[in-house]
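Each of the two complexes below includes chain A, the first together with chain B, the second together with chain C.
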Partner chain A sequence: MARNGTKTKAEGGTSQKGWFDWLGDKLDQWVDWLATTKPFAFIAGRILVPYWAWRTPVKRLEGGPRPSVQPGDNVQRMMNLVMPLKDKSAVGRALAALAIAQNKDEIYAGLDNVGTVHFARFVIVDDNICMFSVYDGDFSNYIRDFIVTIGSVFDAVVELVEGGEDVIPSAKHVEKFIDWVHDHDIYQVSDVATDILRDQEEANGDAGAGNDDLRLLPRKLILQLNVNRNVSLGSGYRAYPGYSAAQVRQQFGVGW
Partner chain B sequence: MDDPVAKRLVDSIIADFPDHDPGKRPIHTVGIGVKGTFEASEVARTYCIAEHFQIKRVQGKRVPIPVTVRFSNGSGSPKRHDGWNDVRGMAVRFHLAGDRATDLIAMTLGEFFVRGVDEFLDFTKSARQTPVKRESALRKIGDLLSLMRPLPNPPPGQNQSGDAGTLDYANKHRFAQLAVFQAGMIGAPVSYVRAVYHAVHTFFIVGPDGVRRPVRFSWKPVAGVQTTKDTSKNPDNEYLQEELRRRLKEWPARMMLMMTIGEAGDALDDPTVPWPARRVRVVMGTLTLKKVAEDQVRDGEKLSFNPWRLVPGIEPSADPTLKARRDAYEDSRKRRGVTQCPFLPE
Partner chain C sequence: MSCKFNPADVQGNILRGYRKPRVRYLMLEISDRAAARRWLTAATSGTGGVPQIATESGQRWATKPDTCFNIGLTFEGLRALGTPAASLATFPTEFVQGMNKRAIKLGDAGPSAPENWEQPFNEPARVHLIASIYADDVAQLDRVQHDAVGGQQAFKLLRVRDGWCFDGDYVHFNYQDNISQPRFAEIHDRDSFSDSQPMAPLGTALLGYPTNFEGLKWRIPEPEPLGYNGSFNAFRVLEQDVVGFEEYLTAAATELLEHPKVNELLPPGAEANIQVKEGQRLPRHDALREVIAAAMCGRWRNGVPLALSPDTPNPSPDVSRTKFDYTNFDDDGAARCPYGAHIRRCNPRGGQIVQRVANHSRRLVRRGMPYGPAYVHDPAKPRDPNEPKRGLLGNFIGANLGAQFEAMSCDWLNLGLQDPRITGSNDPLLGANEPETSWFDLPLKSGAPIRLRGLPRFVTTKGGAYTFLPSMAAIRYLGSLTG
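Up next, the complex of A and B:
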């Protein structure tokens, strides 16, 4: 049955739509189009997001590795440190690049000694110096090893980062430094899309509250990205999942 | 003897599709049978002693295993709606020596909606077809202002749908949320051989050393995945079978069988929970699809697949949904009057 009560052709009635249907379809199409326009994007970003952030505040979800339960969860873990530079000019970025370049041997030798790292690299993104790495084992132990093996290089980098002066020299502020690194390790969105609802409930201390509406998932994601500008989308692809750096070295006979 | 639970399960599915054709499958009704071969990888036999994971050679040449595959649309309606948002199925029969066979049944959804029989009955009740209500323009504006995604427009010609009921069920049952969320966005593949298919349940495999491992299987298309996400304007309702015929006349299509090995603590008996991405994956073999079966009745519609048609080396887990599927498939088979599963008494 059509909206104005006339039968459609499929129902054995007339194929002609009433003007009310026609108007409804046009309005529908206009709304679908509206959602894709720049003015709507502007309104959404400048008005709707701040409004809903005020109306339904969300806590910033913590960064760092997700809880590891099974042995396989402890291999090939990601660390994505995003550290805002104090000097946000090209000079500031160049100083960060220089701090890495001057200490390349020390970094590589240190990572060889840590032994649990698959990959590690420094990247400058906008006004941030970032360190992205894939490692095995416990996060705190990884950073502890890091402090022992390349702490001095890291001190040189952290010195250029906002708030970094409070945690260097890292060798003298081990626990504080670990917490600082954890705080700069970005939130890792779960591989399971609906887990963001659970993460937020846990952060709010209302796990199992039963406040479920799957259609609210986009808003919850938007509001989380409003307070957490940098996130890792899932745990990433692995070409050889489940194997530690030590197992790979052993298998290929390149251990040390 | 008839199993009352299996009968209820099949009846509940049939009730979701008012235009069900009694001679056809109650779900995944529209499909196409394809012929091909399967070749185990070099490492497969080190993990599993099952016959289809061994490498057979005759006079030094590898002999692949013949297979029959049925691709299908998930709906229980006998009408083809290839362009609609729907889960697709891929059931593979490996033809082994001496007229024996084993099946691997997979779908494009990575997880299932429910954990057992009672939940399944509730879910199918919620998923009953109701008249599709296109969201009004005013409601859509309300959604946009609330930072919610407006409900997708139904594709042309869709008057009935179970989507509203399944969403309502998911909002009340957390275990169903992931599958419902993914099913809502699954779209329509541009080809049956350009989608990933998951066997969803956990099975246990036994290696030549006697080691028993929990595993989950997936088929990965060598041609890559390509999906039409926005199905609301898709008027093309009959293209998947034609595309497959065209494709296979020109060149075979290949799918890789990936096996993920679970760890202690992973959800072994719960198909609603995915396993972490860090689990070890092993390539178990390659499926080569060569031609659309000439006899679609014999090699498609009259075939009776069953996830419990297994061979030594592969065992079912204690997943209650997997157990229920064994008997429900058999009940459905009887109703259609097709070949009996060899392991079940008549």
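Up next, the complex of A and C:
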């Protein structure tokens, strides 16, 4: 069934009308009230979304902060790594907690040497070990410098993560490791509603389509959240935006 | 893995320059895969009329050849040749995506955005192979071009671009270039290249060797004959607004004349130390223009480094052009060479930087030549709307585009992350500057610098491509592909 790329009926895609399309249109029309009608929440989640997802394949959007040339956007960037543990039991989570505890001093010293990190912490959420950090500059540079400084220590953590064995030792797989980490950095939903539409169009190779019909939003968001389960809502709040870690340290006279 | 370094397997323009006055780039699209493979095989031996690819050699030539011929392939080019998917998957992400897709990282936005690039770089999928011819004159360029792509079906010639040295090593904006380059123990004799930096490990420029990061090697694309001894290149067409640059110097110098601290920057009478032509004394305003130009680059226009000679381009006794560092100044280091100067941004050498592991690790081999006629600034002459196009055809070579070219471009040239005193500002010479927000600090020995503002963008990207510079074994491998 040619659905004209990933354009949907609601966006005005022009494909031949078959009964399937007719059905699709009908289903699309339900979207306005489905979201607010409790009895149908079940149908929406279990039938409609899988159906949409099948009809309109949606590309998983890339994680991490959005690219920008504004200097202010290139400092204090958020990394939210969500890494599923191999061992999904309390034992697995305890192993992860131990791996961090054992290597904490070295990891922190390493982050200090990377020089561009404001904050970093490790969190376990369900069966995921998460690393949340705020860093300055380019993501690849951050991860590469991190590997160079403390790769071998961090490997102990990555080893506990699904697929981690393919990218360690990180010093021997720098390029793969950076891609892997990037892949675990969750998608940051834009703070601006219409930007979510732009993102989707770009991912679908549809840049410039420029359809700003905000009624499309929930559906696009739902489909994106269907393929990207964990997301960051916006890029976060900053008390003193625009300053690098080194600038803050310099101001406080604590050395950089 | 083969461990002994065999220079004859490496293309000749990577580890050292040919120092030829002319270059021509042929941007080629592969139109017949089988013919292109035969052409590659022929180019490794210079048979069948195809020019022979020039290689490195332990000892450089006794007599220089008239011309040198080299090639680079884009990811699309490797694909067009039928490189197996399993092998393509072993190339680094930035190369796979190509330069156009990496635009934001490189500061290629606004007028430099890929949408505005010139043909053929506005159609990146068609740029497969970039061949370069180095020669002494145009007749030689024409001859080699004819041998390379005349009357064959392998390629479609998309575009030709010529560069030339109109004045030795001088480039537009009237600076001497091609002074500092990484030097390699396997190639260069340490004693003939005085430098306070450590020699660059081979892995700076070639795949398969130790890098500046201890214990860390870049991934070698597979199979080994394809990846080993290869390198990556960021080819850039960088248009330079020569008139805008000189006009900015004039405006900034005029502003400085009124500045309360100008005498600290240039004490009265110190104009005498700033000679552009021998024996000619510059008026104060013109001397200030040179002071600003030097601060922006980190070298006086004649190449003398500010780190060794902050007050004059004509030091006596003369100073080295290459043997200097940004450490151990007895005064504030910035008062010698601004933290934000082009060469200090691109290569902080041993100086203190935020990314403590990055000193010496992002070094690039630069092979560039200007295009367009020489420009002689005449303040009396208004800007000619038909001013010819001028710029630099630059090759920024390294074993890892992400760790070297991109790392330098996004965090250092633009953003200035390496030093909190310049963070938030872009490279004064070629950064993506906007007059409304740009700034550049002229350091003073007494402390607080003089801040210049209103710098426009002097350099606009007009095109470019990431290419892989295959070894001779790799070219033979690609030539032998079937299917």
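Heads up, the rule we're going with is that the second predicted complex is superposed on the first by the 213 of 256 C-alpha atoms of A that agree within 3 Å, B and C clash if a C-alpha of one lies under 4 Å from a C-alpha of the other, contacts with A are read in each partner's own complex, and residues count from 1 in each chain.
In this section, a residue touches a chain if its C-beta (ideal position, glycine included) is under 8 Å from a C-beta of that chain, and two chains touch if they have at least 3 such contacts.
In this text, all values refer to a predicted model and were calculated from it rather than measured experimentally.
Engineer: Contact-wise, after the overlay, does A:218 reach chain B, chain C, both or neither (first, second, both, neither)?
Structural biologist: First partner only.
Engineer: Go through the superposed model and pick first if A:40 touches only chain B, second if only chain C, both, or neither.
Structural biologist: Only chain B is touched by A:40; chain C is not.
Engineer: Which partner does A:172 contact after superposing on A: first (chain B), second (chain C), both, neither?
Structural biologist: Once the two structures are laid over each other on A, A:172 reaches chain C alone.
Engineer: Touch test for A:256: chain B only (first), chain C only (second), both, or neither?
Structural biologist: A:256 sits against chain C, while chain B stays out of touch.
Engineer: Once the structures are superposed on A, label A:246 by its partner contacts, choosing first (chain B), second (chain C), both or neither.
Structural biologist: A:246 sits against chain C, while chain B stays out of touch.
Engineer: Kindly classify A:137 by the partners it touches after superposition: chain B alone (first), chain C alone (second), both, or neither?
Structural biologist: Only chain C; A:137 stays clear of chain B.
Engineer: Classify the contacts of A:69 with the two partner chains as first (chain B alone), second (chain C alone), both, or neither.
Structural biologist: both
Engineer: Output the chain A positions appearing in both contact lists, the one against chain B and the one against chain C.
Structural biologist: In the superposed arrangement, which is not itself an observed complex, chain A uses residues 69, 71-72, 75, 242-243 for both chain B and chain C.
Engineer: Considering the complex alone, what residue numbers of chain C touch chain A?
Structural biologist: On the chain C side, the touching residues are 92-93, 104-105, 107, 109, 213, 215-219, 353-358, 361, 400, 402-403, 406-407, 410-411, 414-417, 419-421, 423-426, 432.
Engineer: Touching residues of chain B toward chain A in the complex: what are they?
Structural biologist: Where chain B meets chain A, its residues are 134, 136-137, 140-141, 143-151, 153, 159, 167, 170-172, 174, 177-178, 180-182, 184, 261, 263-266, 274, 276-281.
Engineer: Within the complex, which stretch of chain A touches chain C?
Structural biologist: Per the stated touch rule, the residues are 67-69, 71-72, 74-75, 113-116, 136-138, 140-141, 144-145, 147-149, 171-176, 178-179, 242-247, 249-250, 256.
Engineer: Using the touch rule from the top, collect the residues of chain A that touch chain B in their complex.
Structural biologist: Touching chain B from chain A are residues 10, 24, 27-28, 30-32, 34-35, 40, 44, 48-49, 52, 69-73, 75-76, 191-194, 197, 212-219, 222-223, 234-238, 241-243.
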